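Two complexes follow with subunit A in common, the first pairing it with subunit B and the second with subunit C.
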Partner chain A sequence: MKVKVKFFAFLRERVGTGEITKEINEGSTVADLWATLKKDYPKLAPVEMRLLYAVNRNYVNPDYALKESDEVVFVPPVSGG
Partner chain B sequence: MFRVIREPIDLKELVTYVTDPSAGAIATFIGTTRNNNEGRRVIALDYEAYPEMAEKELARLGAEAKQRWNIQRMAIVHRIGPVQITEPSVIIAVSAAHRDDAFQACRFAIEEIKKSVPIWKKEVFEGGEVWIGTQSGQRLPRR
Partner chain C sequence: MRVKPLLINEKRFFFGFFLMSTRLTPEQIERYSRQIMIPDLGGKGQIRLRQGKVLVVGAGGLGCPAAFYLAAAGIGALGLVDSDRVELSNLQRQILHSTLDIGREKVDSAKEKLNQLNPDVEVRAYPVRLSADNAPELFASYDFIVDGSDNFATKFLVNDAAVDLGKPFSHAGIVRFQGQTMTVIPGKSACYRCVFQEPPQPGEILNCQQAGILGAIAGTIGSIQATEAIKYLAGMEEDLLVDRMLTYDAKTIKFRIIEVRRNPQCGACGDKAERRSHEFRQRTEV
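Up next is the complex of A and B:
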(Lines of atoms letter the chains of each structure in order from A and count residues from 1; the text may use other names and numbers.)
(Lines give C-alpha, C1' and ligand atoms only; values in the text may rest on other atoms or scores of the structure.)
Protein backbone atom coordinates (compact mmCIF):
# COMPACT_ATOMS: atom_id res chain seq x y z
CA MET A 1 0.00 0.00 0.00
CA LYS A 2 1.02 3.59 -0.51
CA VAL A 3 1.23 6.43 1.97
CA LYS A 4 2.11 10.09 1.55
CA VAL A 5 4.96 11.44 3.68
CA LYS A 6 5.52 15.16 4.16
CA PHE A 7 8.75 16.62 5.51
CA PHE A 8 9.10 19.99 7.17
CA ALA A 9 11.86 22.25 8.43
CA PHE A 10 14.99 20.38 9.58
CA LEU A 11 13.80 17.06 8.14
CA ARG A 12 12.78 18.61 4.80
CA GLU A 13 16.29 19.97 4.41
CA ARG A 14 17.83 16.61 5.32
CA VAL A 15 15.68 14.69 2.84
CA GLY A 16 15.88 17.35 0.12
CA THR A 17 12.17 17.30 -0.70
CA GLY A 18 8.92 18.23 1.02
CA GLU A 19 6.79 15.28 0.00
CA ILE A 20 7.11 11.70 -1.19
CA THR A 21 4.86 8.74 -1.82
CA LYS A 22 6.11 5.57 -0.22
CA GLU A 23 5.17 1.93 -0.82
CA ILE A 24 5.04 0.02 2.48
CA ASN A 25 3.88 -3.38 3.70
CA GLU A 26 0.35 -3.87 4.99
CA GLY A 27 0.29 -3.49 8.77
CA SER A 28 3.34 -1.23 8.91
CA THR A 29 3.42 1.13 11.86
CA VAL A 30 4.61 4.70 11.88
CA ALA A 31 7.80 3.52 13.61
CA ASP A 32 8.35 0.92 10.85
CA LEU A 33 8.00 3.64 8.25
CA TRP A 34 10.56 5.84 10.01
CA ALA A 35 13.02 2.91 10.12
CA THR A 36 12.54 2.36 6.37
CA LEU A 37 13.00 6.03 5.59
CA LYS A 38 16.26 6.10 7.51
CA LYS A 39 17.54 3.44 5.10
CA ASP A 40 16.22 5.32 2.03
CA TYR A 41 17.70 8.62 3.19
CA PRO A 42 21.02 8.03 4.95
CA LYS A 43 21.03 11.66 6.12
CA LEU A 44 18.09 10.80 8.37
CA ALA A 45 19.97 8.02 10.12
CA PRO A 46 21.86 10.31 12.52
CA VAL A 47 18.67 12.15 13.49
CA GLU A 48 18.44 11.53 17.19
CA MET A 49 16.09 14.30 18.20
CA ARG A 50 12.79 13.28 19.65
CA LEU A 51 10.21 13.23 16.90
CA LEU A 52 6.45 13.39 17.17
CA TYR A 53 4.32 11.51 14.69
CA ALA A 54 1.24 12.84 12.93
CA VAL A 55 -1.12 10.88 10.71
CA ASN A 56 -3.86 12.71 8.83
CA ARG A 57 -3.15 15.82 10.90
CA ASN A 58 -3.47 14.19 14.33
CA TYR A 59 -0.66 13.23 16.68
CA VAL A 60 -0.39 9.44 17.03
CA ASN A 61 1.79 6.96 18.89
CA PRO A 62 4.71 5.22 17.12
CA ASP A 63 2.77 1.91 17.07
CA TYR A 64 -0.05 3.42 15.04
CA ALA A 65 -0.88 1.04 12.14
CA LEU A 66 -0.90 2.85 8.81
CA LYS A 67 -3.59 2.57 6.18
CA GLU A 68 -3.64 3.15 2.42
CA SER A 69 -3.30 6.87 1.48
CA ASP A 70 -2.51 8.06 5.00
CA GLU A 71 -0.66 11.38 5.22
CA VAL A 72 2.27 10.94 7.58
CA VAL A 73 4.40 13.71 9.05
CA PHE A 74 7.43 13.27 11.27
CA VAL A 75 7.38 16.34 13.45
CA PRO A 76 10.77 17.68 14.55
CA PRO A 77 10.84 19.72 17.79
CA VAL A 78 8.37 22.56 17.28
CA SER A 79 9.52 26.13 17.83
CA GLY A 80 6.66 28.45 16.95
CA GLY A 81 5.91 31.67 18.77
CA MET B 1 -9.97 32.92 14.26
CA PHE B 2 -7.03 30.52 14.04
CA ARG B 3 -4.78 31.14 11.09
CA VAL B 4 -1.32 30.68 9.64
CA ILE B 5 -0.49 33.38 7.10
CA ARG B 6 2.47 34.67 5.05
CA GLU B 7 1.61 38.37 5.25
CA PRO B 8 2.25 40.74 8.18
CA ILE B 9 -0.30 40.22 10.99
CA ASP B 10 -2.87 42.95 11.59
CA LEU B 11 -3.36 43.43 15.34
CA LYS B 12 -6.48 45.53 14.77
CA GLU B 13 -8.13 42.72 12.87
CA LEU B 14 -7.68 40.34 15.82
CA VAL B 15 -8.89 42.88 18.39
CA THR B 16 -11.97 43.62 16.27
CA TYR B 17 -12.64 39.90 15.97
CA VAL B 18 -12.61 39.27 19.74
CA THR B 19 -14.49 42.46 20.64
CA ASP B 20 -17.68 41.45 22.43
CA PRO B 21 -20.35 43.47 24.25
CA SER B 22 -20.16 41.18 27.29
CA ALA B 23 -16.36 41.49 27.58
CA GLY B 24 -14.73 43.76 30.12
CA ALA B 25 -11.20 42.90 29.04
CA ILE B 26 -9.17 42.11 25.96
CA ALA B 27 -5.66 40.69 26.48
CA THR B 28 -3.21 40.55 23.61
CA PHE B 29 0.19 38.97 23.19
CA ILE B 30 2.59 39.88 20.39
CA GLY B 31 5.64 37.71 19.79
CA THR B 32 8.32 39.63 17.89
CA THR B 33 11.68 38.88 16.32
CA ARG B 34 14.54 39.89 18.62
CA ASN B 35 17.93 40.97 17.30
CA ASN B 36 19.95 38.59 19.48
CA ASN B 37 19.80 35.03 20.79
CA GLU B 38 22.32 33.15 22.93
CA GLY B 39 25.07 35.58 21.99
CA ARG B 40 24.31 35.51 18.27
CA ARG B 41 23.36 38.57 16.23
CA VAL B 42 20.05 37.61 14.69
CA ILE B 43 19.23 38.91 11.22
CA ALA B 44 15.74 37.41 10.84
CA LEU B 45 13.62 34.42 11.77
CA ASP B 46 12.29 32.23 9.00
CA TYR B 47 9.16 30.29 9.99
CA GLU B 48 7.77 27.16 8.38
CA ALA B 49 4.52 25.36 9.23
CA TYR B 50 2.49 22.29 8.45
CA PRO B 51 -0.31 24.75 7.85
CA GLU B 52 -3.41 22.52 7.83
CA MET B 53 -2.42 20.81 11.06
CA ALA B 54 -1.09 24.00 12.68
CA GLU B 55 -4.43 25.75 12.20
CA LYS B 56 -6.21 22.69 13.56
CA GLU B 57 -3.94 22.60 16.63
CA LEU B 58 -4.45 26.33 17.21
CA ALA B 59 -8.21 25.78 17.14
CA ARG B 60 -7.84 22.82 19.52
CA LEU B 61 -5.92 24.83 22.07
CA GLY B 62 -8.45 27.65 21.67
CA ALA B 63 -11.23 25.20 22.52
CA GLU B 64 -9.25 23.97 25.51
CA ALA B 65 -8.76 27.55 26.74
CA LYS B 66 -12.49 28.10 26.45
CA GLN B 67 -13.15 25.09 28.68
CA ARG B 68 -10.64 26.16 31.31
CA TRP B 69 -11.38 29.89 31.56
CA ASN B 70 -14.42 32.05 31.25
CA ILE B 71 -13.51 33.74 27.98
CA GLN B 72 -15.64 35.10 25.15
CA ARG B 73 -13.55 34.90 22.02
CA MET B 74 -10.01 34.06 21.03
CA ALA B 75 -7.96 34.81 17.92
CA ILE B 76 -4.49 33.48 17.10
CA VAL B 77 -2.60 34.31 13.93
CA HIS B 78 0.91 32.99 13.30
CA ARG B 79 3.02 34.31 10.46
CA ILE B 80 5.31 32.08 8.37
CA GLY B 81 8.17 32.94 6.02
CA PRO B 82 10.84 35.50 6.93
CA VAL B 83 10.00 37.78 9.87
CA GLN B 84 12.38 40.72 10.29
CA ILE B 85 13.65 42.22 13.56
CA THR B 86 10.82 43.94 15.54
CA GLU B 87 8.10 42.39 13.37
CA PRO B 88 5.40 40.20 14.95
CA SER B 89 5.53 36.46 14.28
CA VAL B 90 2.45 35.65 16.35
CA ILE B 91 -0.44 37.64 17.79
CA ILE B 92 -3.01 36.34 20.28
CA ALA B 93 -6.11 38.23 21.37
CA VAL B 94 -8.58 37.05 24.01
CA SER B 95 -11.72 38.72 25.31
CA ALA B 96 -13.32 37.89 28.64
CA ALA B 97 -15.75 39.37 31.13
CA HIS B 98 -12.86 39.86 33.55
CA ARG B 99 -9.14 40.45 33.08
CA ASP B 100 -7.84 37.42 35.01
CA ASP B 101 -9.41 34.99 32.55
CA ALA B 102 -8.19 37.00 29.57
CA PHE B 103 -4.59 37.16 30.84
CA GLN B 104 -4.46 33.49 31.82
CA ALA B 105 -5.96 32.19 28.58
CA CYS B 106 -3.58 34.38 26.58
CA ARG B 107 -0.58 33.05 28.50
CA PHE B 108 -1.80 29.47 28.11
CA ALA B 109 -2.12 29.94 24.33
CA ILE B 110 1.45 31.13 23.77
CA GLU B 111 2.90 28.40 26.00
CA GLU B 112 0.92 25.70 24.16
CA ILE B 113 1.95 27.05 20.75
CA LYS B 114 5.57 26.50 21.76
CA LYS B 115 4.85 22.89 22.74
CA SER B 116 2.47 21.29 20.29
CA VAL B 117 1.72 23.35 17.19
CA PRO B 118 3.69 22.18 14.10
CA ILE B 119 5.50 25.43 13.36
CA TRP B 120 9.28 25.75 13.21
CA LYS B 121 11.64 28.69 13.27
CA LYS B 122 14.98 28.90 11.60
CA GLU B 123 17.22 31.55 13.09
CA VAL B 124 19.28 33.38 10.47
CA PHE B 125 22.20 34.98 12.28
CA GLU B 126 25.50 36.58 11.37
CA GLY B 127 27.59 33.60 10.34
CA GLY B 128 24.95 30.94 9.82
CA GLU B 129 21.51 29.59 10.43
CA VAL B 130 19.95 27.03 12.77
CA TRP B 131 16.59 25.33 13.26
CA ILE B 132 15.69 26.25 16.81
CA GLY B 133 14.97 23.25 19.02
CA THR B 134 16.76 20.67 16.93
CA GLN B 135 19.66 20.42 19.35
CA SER B 136 17.59 19.31 22.33
CA GLY B 137 14.77 16.99 23.32
CA GLN B 138 11.10 17.70 22.90
CA ARG B 139 8.27 17.38 25.33
CA LEU B 140 5.23 15.43 24.20
CA PRO B 141 2.03 17.44 23.99
CA ARG B 142 -0.49 16.72 26.72
CA ARG B 143 -3.24 14.41 25.51
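Up next is the complex of A and C:
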Protein backbone atom coordinates (compact mmCIF):
# COMPACT_ATOMS: atom_id res chain seq x y z
CA MET A 1 0.00 0.00 0.00
CA LYS A 2 1.05 3.58 -0.53
CA VAL A 3 1.30 6.33 2.06
CA LYS A 4 2.24 9.98 1.73
CA VAL A 5 5.16 11.02 3.95
CA LYS A 6 6.04 14.59 4.94
CA PHE A 7 9.24 15.72 6.62
CA PHE A 8 9.47 18.89 8.68
CA ALA A 9 12.34 21.16 9.73
CA PHE A 10 15.81 19.57 9.51
CA LEU A 11 14.39 16.18 8.46
CA ARG A 12 13.36 17.76 5.17
CA GLU A 13 16.91 18.96 4.60
CA ARG A 14 18.34 15.52 5.34
CA VAL A 15 15.90 13.81 2.97
CA GLY A 16 16.29 16.49 0.31
CA THR A 17 12.54 16.95 -0.19
CA GLY A 18 9.57 17.76 1.99
CA GLU A 19 7.24 15.08 0.68
CA ILE A 20 7.42 11.59 -0.80
CA THR A 21 5.05 8.73 -1.56
CA LYS A 22 6.20 5.45 -0.08
CA GLU A 23 5.17 1.87 -0.81
CA ILE A 24 5.00 -0.15 2.42
CA ASN A 25 3.74 -3.57 3.49
CA GLU A 26 0.18 -4.03 4.69
CA GLY A 27 -0.02 -3.71 8.46
CA SER A 28 3.13 -1.58 8.74
CA THR A 29 3.30 0.72 11.74
CA VAL A 30 4.70 4.24 11.90
CA ALA A 31 7.82 2.78 13.56
CA ASP A 32 8.20 0.30 10.66
CA LEU A 33 7.90 3.14 8.18
CA TRP A 34 10.50 5.20 10.04
CA ALA A 35 12.90 2.22 10.08
CA THR A 36 12.45 1.80 6.31
CA LEU A 37 13.00 5.50 5.70
CA LYS A 38 16.22 5.40 7.71
CA LYS A 39 17.48 2.71 5.33
CA ASP A 40 16.33 4.64 2.25
CA TYR A 41 17.87 7.91 3.42
CA PRO A 42 21.21 7.31 5.19
CA LYS A 43 21.21 10.87 6.53
CA LEU A 44 18.21 9.95 8.70
CA ALA A 45 20.08 7.01 10.25
CA PRO A 46 21.71 9.02 13.08
CA VAL A 47 18.37 10.52 14.15
CA GLU A 48 17.58 8.86 17.46
CA MET A 49 15.49 11.60 19.05
CA ARG A 50 11.80 11.34 19.80
CA LEU A 51 9.81 12.85 16.95
CA LEU A 52 6.23 13.99 16.74
CA TYR A 53 4.45 11.44 14.56
CA ALA A 54 1.18 12.55 13.03
CA VAL A 55 -1.15 10.61 10.77
CA ASN A 56 -3.78 12.62 8.94
CA ARG A 57 -2.96 15.59 11.23
CA ASN A 58 -3.45 13.65 14.45
CA TYR A 59 -0.70 12.70 16.87
CA VAL A 60 -0.13 8.94 16.97
CA ASN A 61 2.16 6.53 18.80
CA PRO A 62 4.91 4.73 16.87
CA ASP A 63 2.90 1.47 17.01
CA TYR A 64 0.02 3.00 15.02
CA ALA A 65 -0.93 0.69 12.11
CA LEU A 66 -0.98 2.61 8.84
CA LYS A 67 -3.67 2.37 6.18
CA GLU A 68 -3.68 2.97 2.43
CA SER A 69 -3.33 6.69 1.51
CA ASP A 70 -2.53 7.82 5.05
CA GLU A 71 -0.56 11.03 5.31
CA VAL A 72 2.30 10.59 7.77
CA VAL A 73 4.19 13.61 9.09
CA PHE A 74 7.46 13.49 10.98
CA VAL A 75 8.12 16.61 13.06
CA PRO A 76 11.35 17.03 15.03
CA PRO A 77 11.57 19.40 18.00
CA VAL A 78 13.09 22.81 17.22
CA SER A 79 15.44 24.41 19.71
CA GLY A 80 16.05 28.00 18.58
CA GLY A 81 14.57 31.05 20.18
CA MET B 1 -5.21 60.94 67.46
CA ARG B 2 -2.27 60.54 65.15
CA VAL B 3 -3.31 57.04 64.18
CA LYS B 4 -6.66 58.03 62.70
CA PRO B 5 -5.46 60.24 59.81
CA LEU B 6 -2.91 57.59 58.95
CA LEU B 7 -5.68 55.01 58.72
CA ILE B 8 -7.71 57.28 56.48
CA ASN B 9 -4.70 57.83 54.27
CA GLU B 10 -4.10 54.12 54.09
CA LYS B 11 -7.72 53.56 53.16
CA ARG B 12 -7.46 56.23 50.50
CA PHE B 13 -4.26 54.69 49.24
CA PHE B 14 -5.69 51.18 48.99
CA PHE B 15 -8.96 52.44 47.52
CA GLY B 16 -6.99 54.45 44.97
CA PHE B 17 -4.86 51.43 44.17
CA PHE B 18 -8.01 49.31 43.80
CA LEU B 19 -9.52 51.86 41.41
CA MET B 20 -6.29 52.04 39.43
CA SER B 21 -6.33 48.30 38.85
CA THR B 22 -10.06 48.01 38.12
CA ARG B 23 -10.65 51.15 36.08
CA LEU B 24 -8.97 52.66 33.08
CA THR B 25 -7.89 56.30 32.87
CA PRO B 26 -8.96 58.36 29.83
CA GLU B 27 -5.38 58.14 28.58
CA GLN B 28 -5.38 54.36 28.89
CA ILE B 29 -8.72 54.14 27.12
CA GLU B 30 -7.24 56.11 24.24
CA ARG B 31 -3.99 54.14 24.21
CA TYR B 32 -5.77 50.79 24.08
CA SER B 33 -8.85 51.94 22.15
CA ARG B 34 -8.13 49.80 19.07
CA GLN B 35 -8.16 46.60 21.13
CA ILE B 36 -10.85 47.68 23.60
CA MET B 37 -13.19 47.99 20.62
CA ILE B 38 -12.75 44.27 19.86
CA PRO B 39 -15.91 42.67 21.31
CA ASP B 40 -14.02 39.63 22.69
CA LEU B 41 -11.74 41.91 24.68
CA GLY B 42 -13.54 45.14 25.57
CA GLY B 43 -12.81 47.28 28.63
CA LYS B 44 -13.21 44.26 30.89
CA GLY B 45 -10.56 42.36 28.97
CA GLN B 46 -8.26 45.38 29.05
CA ILE B 47 -8.55 45.58 32.84
CA ARG B 48 -7.73 41.89 33.04
CA LEU B 49 -4.61 42.50 30.94
CA ARG B 50 -3.67 45.33 33.28
CA GLN B 51 -4.02 42.98 36.25
CA GLY B 52 -2.04 40.25 34.46
CA LYS B 53 1.59 39.30 34.94
CA VAL B 54 3.64 37.56 32.26
CA LEU B 55 7.18 36.19 32.54
CA VAL B 56 9.18 36.03 29.30
CA VAL B 57 12.07 33.56 29.42
CA GLY B 58 14.76 34.81 27.04
CA ALA B 59 15.03 38.35 25.69
CA GLY B 60 16.10 37.05 22.28
CA GLY B 61 14.49 36.28 18.93
CA LEU B 62 11.16 35.11 20.33
CA GLY B 63 11.20 37.03 23.62
CA CYS B 64 11.72 40.45 22.02
CA PRO B 65 8.63 40.49 19.79
CA ALA B 66 6.56 38.71 22.44
CA ALA B 67 7.54 41.23 25.14
CA PHE B 68 7.13 44.16 22.71
CA TYR B 69 3.51 43.23 21.92
CA LEU B 70 2.70 42.34 25.52
CA ALA B 71 3.96 45.73 26.71
CA ALA B 72 2.10 47.48 23.92
CA ALA B 73 -1.09 45.64 24.89
CA GLY B 74 -0.85 46.92 28.47
CA ILE B 75 0.08 43.84 30.50
CA GLY B 76 0.34 44.88 34.17
CA ALA B 77 3.73 43.36 34.89
CA LEU B 78 6.24 41.91 32.49
CA GLY B 79 9.23 39.91 33.77
CA LEU B 80 12.25 39.24 31.55
CA VAL B 81 14.76 36.47 32.32
CA ASP B 82 18.05 36.41 30.41
CA SER B 83 21.67 36.31 31.52
CA ASP B 84 23.17 37.23 28.15
CA ARG B 85 24.50 40.51 26.85
CA VAL B 86 23.61 42.03 23.48
CA GLU B 87 25.88 41.00 20.60
CA LEU B 88 26.06 42.37 17.05
CA SER B 89 24.85 39.03 15.63
CA ASN B 90 21.65 39.28 17.74
CA LEU B 91 20.39 42.42 16.04
CA GLN B 92 18.93 40.91 12.84
CA ARG B 93 16.14 39.37 14.92
CA GLN B 94 16.19 40.59 18.54
CA ILE B 95 14.27 43.74 17.81
CA LEU B 96 14.27 45.33 21.28
CA HIS B 97 18.03 45.85 21.09
CA SER B 98 19.88 48.40 18.96
CA THR B 99 23.45 48.85 17.81
CA LEU B 100 24.07 51.19 20.74
CA ASP B 101 23.09 48.39 23.16
CA ILE B 102 25.92 46.02 22.20
CA GLY B 103 27.57 44.82 25.42
CA ARG B 104 24.59 45.72 27.64
CA GLU B 105 22.61 43.16 29.55
CA LYS B 106 19.72 42.13 27.32
CA VAL B 107 17.15 42.50 30.07
CA ASP B 108 18.24 46.10 30.77
CA SER B 109 18.23 47.01 27.10
CA ALA B 110 14.79 45.40 26.68
CA LYS B 111 13.40 47.05 29.81
CA GLU B 112 14.42 50.49 28.58
CA LYS B 113 12.63 50.04 25.23
CA LEU B 114 9.53 48.54 26.83
CA ASN B 115 9.32 51.41 29.33
CA GLN B 116 9.61 53.90 26.46
CA LEU B 117 6.85 52.12 24.56
CA ASN B 118 4.49 51.91 27.51
CA PRO B 119 5.26 53.45 30.93
CA ASP B 120 2.08 51.80 32.28
CA VAL B 121 3.79 48.42 32.32
CA GLU B 122 5.94 47.39 35.26
CA VAL B 123 8.95 45.73 33.64
CA ARG B 124 11.06 43.54 35.90
CA ALA B 125 14.53 42.55 34.70
CA TYR B 126 16.11 39.30 35.91
CA PRO B 127 19.69 39.10 34.57
CA VAL B 128 20.01 35.41 35.46
CA ARG B 129 19.97 32.10 33.65
CA LEU B 130 16.85 30.06 34.35
CA SER B 131 17.66 26.96 36.41
CA ALA B 132 15.75 24.25 38.25
CA ASP B 133 16.70 26.08 41.45
CA ASN B 134 15.42 29.56 40.55
CA ALA B 135 12.49 28.60 38.26
CA PRO B 136 9.91 28.07 41.06
CA GLU B 137 10.70 31.44 42.65
CA LEU B 138 10.76 33.27 39.30
CA PHE B 139 7.54 31.67 38.06
CA ALA B 140 5.65 32.05 41.34
CA SER B 141 4.32 35.60 40.92
CA TYR B 142 3.34 35.30 37.25
CA ASP B 143 0.09 34.22 35.60
CA PHE B 144 1.55 33.08 32.28
CA ILE B 145 5.02 32.14 31.02
CA VAL B 146 6.30 32.79 27.49
CA ASP B 147 9.16 30.46 26.66
CA GLY B 148 11.49 32.26 24.28
CA SER B 149 14.57 30.26 25.29
CA ASP B 150 17.09 29.09 22.69
CA ASN B 151 18.03 25.60 23.85
CA PHE B 152 16.37 22.28 24.61
CA ALA B 153 17.54 22.11 28.22
CA THR B 154 15.72 25.34 29.07
CA LYS B 155 12.65 24.46 27.00
CA PHE B 156 12.21 21.21 28.92
CA LEU B 157 12.96 22.99 32.20
CA VAL B 158 10.30 25.64 31.50
CA ASN B 159 7.84 22.86 30.67
CA ASP B 160 8.57 20.79 33.76
CA ALA B 161 8.62 23.72 36.18
CA ALA B 162 5.48 25.30 34.70
CA VAL B 163 3.61 21.99 34.76
CA ASP B 164 4.63 21.35 38.36
CA LEU B 165 3.69 24.84 39.46
CA GLY B 166 0.47 24.84 37.44
CA LYS B 167 1.52 27.85 35.34
CA PRO B 168 0.08 28.10 31.83
CA PHE B 169 2.74 28.79 29.20
CA SER B 170 3.49 29.16 25.54
CA HIS B 171 6.25 26.97 24.12
CA ALA B 172 8.00 27.82 20.86
CA GLY B 173 11.05 26.92 18.80
CA ILE B 174 12.47 28.40 15.60
CA VAL B 175 15.24 27.62 13.13
CA ARG B 176 15.99 28.78 9.58
CA PHE B 177 12.54 29.10 7.93
CA GLN B 178 10.72 26.92 10.46
CA GLY B 179 8.81 27.59 13.62
CA GLN B 180 6.61 25.61 15.97
CA THR B 181 4.55 26.61 18.97
CA MET B 182 2.01 25.18 21.39
CA THR B 183 0.26 26.45 24.51
CA VAL B 184 0.08 24.36 27.66
CA ILE B 185 -2.49 24.58 30.43
CA PRO B 186 -1.08 22.24 33.08
CA GLY B 187 -3.49 19.54 34.21
CA LYS B 188 -5.79 20.20 31.26
CA SER B 189 -3.79 19.95 28.04
CA ALA B 190 -0.84 18.06 26.58
CA CYS B 191 2.54 19.44 27.62
CA TYR B 192 5.74 19.72 25.59
CA ARG B 193 7.11 16.56 27.19
CA CYS B 194 3.93 14.66 26.23
CA VAL B 195 4.89 15.34 22.61
CA PHE B 196 8.69 15.01 22.55
CA GLN B 197 9.37 13.08 25.80
CA GLU B 198 13.00 14.12 26.20
CA PRO B 199 15.61 16.47 24.77
CA PRO B 200 17.62 15.22 21.78
CA GLN B 201 21.25 14.37 22.41
CA PRO B 202 23.57 17.41 22.33
CA GLY B 203 24.50 18.18 18.73
CA GLU B 204 21.72 16.04 17.24
CA ILE B 205 19.78 19.14 16.22
CA LEU B 206 21.38 22.41 15.24
CA ASN B 207 20.30 25.59 17.03
CA CYS B 208 19.93 29.11 15.56
CA GLN B 209 23.57 29.89 16.27
CA GLN B 210 24.64 26.85 14.25
CA ALA B 211 21.87 26.61 11.66
CA GLY B 212 20.69 30.22 11.27
CA ILE B 213 17.31 31.85 11.54
CA LEU B 214 15.44 34.40 9.51
CA GLY B 215 14.59 37.23 11.92
CA ALA B 216 11.05 37.68 10.67
CA ILE B 217 10.24 34.04 11.58
CA ALA B 218 11.04 34.89 15.20
CA GLY B 219 8.63 37.81 14.84
CA THR B 220 5.82 35.61 13.52
CA ILE B 221 6.13 32.96 16.22
CA GLY B 222 6.91 35.40 19.07
CA SER B 223 3.80 37.38 18.12
CA ILE B 224 1.71 34.21 18.30
CA GLN B 225 3.11 33.60 21.79
CA ALA B 226 2.13 37.15 22.85
CA THR B 227 -1.33 36.59 21.38
CA GLU B 228 -1.76 33.42 23.42
CA ALA B 229 -0.73 35.19 26.64
CA ILE B 230 -3.16 38.03 25.90
CA LYS B 231 -6.00 35.61 25.13
CA TYR B 232 -5.35 33.67 28.32
CA LEU B 233 -5.27 36.79 30.50
CA ALA B 234 -8.35 38.22 28.82
CA GLY B 235 -10.29 35.05 29.65
CA MET B 236 -10.38 33.52 26.16
CA GLU B 237 -9.10 30.17 27.44
CA GLU B 238 -11.28 28.01 25.24
CA ASP B 239 -9.63 29.34 22.07
CA LEU B 240 -5.99 28.76 23.02
CA LEU B 241 -3.51 26.71 20.99
CA VAL B 242 -3.80 23.80 23.41
CA ASP B 243 -3.61 20.11 22.49
CA ARG B 244 -2.32 21.32 19.16
CA MET B 245 1.16 21.92 17.79
CA LEU B 246 1.32 24.68 15.20
CA THR B 247 4.13 24.34 12.70
CA TYR B 248 5.09 27.11 10.29
CA ASP B 249 7.21 26.76 7.20
CA ALA B 250 7.94 30.27 5.97
CA LYS B 251 9.68 29.02 2.83
CA THR B 252 6.47 27.58 1.44
CA ILE B 253 4.15 29.72 3.66
CA LYS B 254 2.46 26.71 5.15
CA PHE B 255 0.91 26.64 8.58
CA ARG B 256 -0.12 23.25 9.90
CA ILE B 257 -1.92 22.24 13.05
CA ILE B 258 -1.22 18.79 14.46
CA GLU B 259 -3.59 17.54 17.12
CA VAL B 260 -1.67 16.25 20.16
CA ARG B 261 -2.90 14.75 23.41
CA ARG B 262 -1.76 14.11 26.94
CA ASN B 263 0.52 11.13 27.42
CA PRO B 264 -0.32 9.16 30.59
CA GLN B 265 3.35 8.10 30.73
CA CYS B 266 4.58 11.70 30.41
CA GLY B 267 7.52 12.42 32.71
CA ALA B 268 6.17 15.89 33.52
CA CYS B 269 2.37 15.63 33.71
CA GLY B 270 1.82 11.86 33.73
CA ASP B 271 2.27 9.31 36.50
CA LYS B 272 5.77 10.52 37.37
CA ALA B 273 4.57 14.08 37.96
CA GLU B 274 4.28 13.69 41.71
CA ARG B 275 7.91 12.72 42.07
CA ARG B 276 9.08 15.68 40.03
CA SER B 277 6.79 18.11 41.86
CA HIS B 278 8.35 16.91 45.08
CA GLU B 279 11.79 17.75 43.70
CA PHE B 280 10.67 21.25 42.77
CA ARG B 281 8.91 21.77 46.09
CA GLN B 282 12.07 20.80 47.90
CA ARG B 283 14.01 23.36 45.89
CA THR B 284 11.38 26.01 46.59
CA GLU B 285 11.50 25.31 50.31
CA VAL B 286 15.30 25.58 50.33
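Everything that follows uses one rule, which is that the second predicted complex is superposed on the first by the 77 of 81 C-alpha atoms of A that agree within 3 Å, B and C clash if a C-alpha of one lies under 4 Å from a C-alpha of the other, contacts with A are read in each partner's own complex, and residues count from 1 in each chain.
The working rule: contacts are C-beta pairs under 8 Å (C-beta built on N, C-alpha and C of every residue); 3 or more make two chains touch, one makes a residue touch a chain.
Predicted model, so just to flag it, every value in this text is computed and none were measured.
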(request) Classify the contacts of A:F10 with the two partner chains as first (subunit B alone), second (subunit C alone), both, or neither. (result) both
(message) Touch test for A:V73: subunit B only (first), subunit C only (second), both, or neither?
(response) both
(request) Figure out whether A:G81 sits in contact with subunit B (first) or subunit C (second), or with both, or with neither. (result) both
(message) A:Y59 in the overlay: touching subunit B, subunit C, both, or neither? Say first, second, both or neither.
(response) both
(request) In the overlay, answer first, second, both or neither for which of subunit B and subunit C A:R50 touches. (result) both
(request) Find the residues of subunit A that appear in the contact set with subunit B and again in the contact set with subunit C. (result) 8-10, 49-52, 54, 57, 59, 73, 75-81
(message) If we count contacts the way the header does, which residues on subunit C are in touch with subunit A in the complex?
(response) 58, 60-63, 147-152, 155, 172-176, 178-180, 195-201, 204-208, 211, 213, 218, 245, 247, 249, 252, 256-261
(message) Help me check something: in the complex, which residues belonging to subunit A touch subunit B?
(response) 6, 8-10, 12-13, 49-52, 54, 57, 59, 73, 75-81
(request) Write out the stretch or stretches of subunit B touching subunit A in their complex. (result) 31, 47-50, 52-54, 56, 78, 89-90, 110, 113-122, 131-138, 140-141, 143
(request) State the interface residues of subunit A toward subunit C in the complex, per the touch definition above. (result) 8-10, 18, 46-52, 54, 57-59, 73, 75-81
